[in-house]
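One chain, chain A, appears in both complexes that follow, with chain B as partner in the first and chain C in the second.
For the complex of A and B:
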């Protein structure tokens, strides 16, 4: 999995993921969120449009990220999931916890 | 003849004769004059009959033969060795054996003792070392479940082999278990726990050949083989899915409860605020509105993250205004709230803590502004990040000190499958003295009762009827302490006072009772294929104070939130002598039984008791004493010196 980081300013950062978000790549995402928070970008938007597969460890990394950002007074938001990702979100009821935004770049505006 | 057919015939015979006996007992034999002993006795007998029925149901289906073949190549496996306070050498011996496991894997030592010398030893051996991170500071540790949950976040293998510190694995352990995971629904493969430091006589009853044999094989046939904490391989995806789903479900419940509690505090504050204190009135109203809005938003389908985010924002604005206006008033109350939140105990959980916090807050006289702040604190503590836990995901169940059984039950209710693989693939160390053994049994019994009280299998959605019965049967067997007390009291009251619980010890009684008893013992004999089940029968009665204590402490823990002491069993012997006080209740009972038998004989001689009744009750006393007699060699046991059979 590849992660492209784009800082939007005012503490907001977009992480665009590409590939599989699974037990192998989950630690990578966790570290990326932590370094964003450490750098002061506590509002993290995750662009899932390039993720073709997610497993429970991948969801775990998102939840861990939510914890890390909230503790720093920020938030984590997910955007543009693919069909497979949407299905897993519903299956585990994480869709009751995390709202899905249409576009990562605007997840924190308005 | 087909063995399974034979077993079924014996199950049916036992069932028929048992039903005949129990119905006759209830309808025709009760001596209502002495109802105070007659009814408890028939209840105790019914309890045992149901136990036998559960046993028959467990072994009803033959274990389907599994074709063991070499597992696929390229699977990733983490081997976890859990330790807390075991000697470094013992852990390293296990780690060395783990390194020699043939299938490619990574070995990790999970050190809950955070010992520097353990870390160095792991490093020298070239295996991974994991201890709890900073995030666990001042958070509930959840013992072994917490240790494993912590390691799950630090590793990434598809499969996890879990080993207790003393369980030395054979090199082929993964080769013989991983192939079951070709079925994508299999979450768990459990292998037997077998102990190398036990003499054939096994005075402490450490080997459990009936459990790691016919019982687990039978449960396996019902897709209900249990996870037993060690010597098992688990699928990471199954555990993580469990963790994620539980997080989602528990978070929503916790947030709704927090809102409810906040309402209570708010109402309390409203009542105690002077009508002319307009500023406070205004603040309270703002907070009340915020809570109502949040509840409406969640009910209307808004996600928890969104709703709590909005609520947090509003609360912090209100708090800021309050703090600037009334800093001094609240200082004292704030300190009290802080004190509440630093409390941690072993069996902490989110929902429990809301109640505790609310009760503490309600019991304290807060100023209205203090109440506002208390409410804000409460709501903040139930943000989506779950600050009351070290990590948001807890895949291994933390509701019980026996996390293994609770976890496999949850996996089953999510539709995952389990497998019991009947082949010894690791050799461990059993407790080497009675005291350690009793602590271990107490913990197992307490844990099982906690699961029964917190997550009764009979009402768990997603479990099949057979699975519900399989879990419930194990819990049922831990209630035997109550029956034991009755089985001591009944012969004593007859022998000493001639009090009969049945109308008569007549031939009719024997016609009903003896065939059932013989069929029952034959059933055990057929099922166990000659392995001795006597030790198990002995301890089922002899440890009655442990079973009673387990039930009472689990009830106190679950319903009254008393802490349950978690005792890690020492794996090496102590050599402490004269531990008679360990079995003081059993000694007391034995003395009473012997005195009763003596009195019974004297009463017989003087013509006060009948011969048949006396004979039956003295036989009963001898049976009780015979079962409890195991405690004498157990108490004198100092461990098995030779450990050469530990390495293969």
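For the complex of A and C:
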């Protein structure tokens, strides 16, 4: 999985993921979110439009990031999930704590 | 007049994996080729079965007690009504009770694998015999 990072300023960063978010790639996402928080970008928007598959390892990384950003006074938001990702978010009830936004770049500006 | 028995057409796919060097991406590749040949299976059913198989395979990799590499075999059977999958591995997890695994709360970072599999399929069973695990799942194809 590839992760493209785009700092929008004022503590907001967009992480655009491409590929499968599974046991192999989940640790990379975890590290990327922690690096962003350490750099002062505590508002992390994850663009999921390029993620065609997520499993429970990937969900664990999202929840880990959510907690890390909130502990630093920020938040983690997700945008544009594909069908498989939506299905997994719903079946695991994670849609209750991770609201979905249409566009990652505007997830914190609304 | 003798009764006519209609035998449903069934496609069977079988592949063995040795981990390492194989990893989870090999399982995705195996399944992608199957879906290419079975376009009658709706994408929601494909996604559900694929997610369940990846969860089970991940579980095998993470918790295997095999000491010299993991071997597993995945068999997929597809007919007009169901997709069945059986995964056999040498990991020896004899004490696993799949029914005791419930979906953890939203802020948990792990523990969703087995409950997610149960939510994705219509039938799910696990058996350990002589150090070998067999995981079976099946899902009805949505009309």
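By definition in this document, the second predicted complex is superposed on the first by the 110 of 110 C-alpha atoms of A that agree within 3 Å, B and C clash if a C-alpha of one lies under 4 Å from a C-alpha of the other, contacts with A are read in each partner's own complex, and residues count from 1 in each chain.
As a working rule, contacts are C-beta pairs under 8 Å (C-beta built on N, C-alpha and C of every residue); 3 or more make two chains touch, one makes a residue touch a chain.
This structure is a prediction, so every number in the text was calculated from the model and none was measured.
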Let's test your reading of the overlay: on chain A, do chain B and chain C clash or fit side by side?
clash
After the superposition on A, what does A:67 contact: first (chain B), second (chain C), both or neither?
both
Using the touch definition from the top, say if A:7 reaches chain B (first), chain C (second), both or neither.
neither
In the overlaid three-chain picture, which partner chain does A:99 touch, first (chain B) or second (chain C), both, or neither?
first
Which partner does A:27 reach: the first (chain B), the second (chain C), both, or neither?
first
Could you tell me if A:55 is touching chain B, chain C, both of them or neither one (first, second, both, neither)?
both
Just to be sure I read the superposition right, which of the two partners does A:83 touch: chain B = first, chain C = second, or both, or neither?
second
Figure out whether A:75 sits in contact with chain B (first) or chain C (second), or with both, or with neither.
first
The only stretch of chain B that collides with chain C once the two complexes are overlaid, out of 80-88, 152-160 or 260-268, is 152-160
Pick out the shared contact residues on chain A: the ones touching chain B in one complex and chain C in the other.
23-24, 55-57, 59-60, 63-64, 66-67, 92-94, 96-97
Complex interface listing, chain A residues touching chain B:
23-24, 26-27, 55-57, 59-60, 63-64, 66-68, 70-71, 75, 77, 92-99
Which chain A residues qualify as touching chain C in the complex?
20, 22-24, 53, 55-57, 59-60, 63-64, 66-67, 83-84, 87-88, 91-94, 96-97
Which of the residues in chain C come into contact with chain A in the complex?
23-25, 28, 43-44, 47-48, 50-51, 54-55, 58, 61-62, 103, 106-110, 112-113, 115-116, 119-120
Chain B residues within the chain A interface of the complex:
153, 156-158, 236-237, 240-241, 243-245, 247-249, 251-252, 302-306, 309, 383-387, 391-393
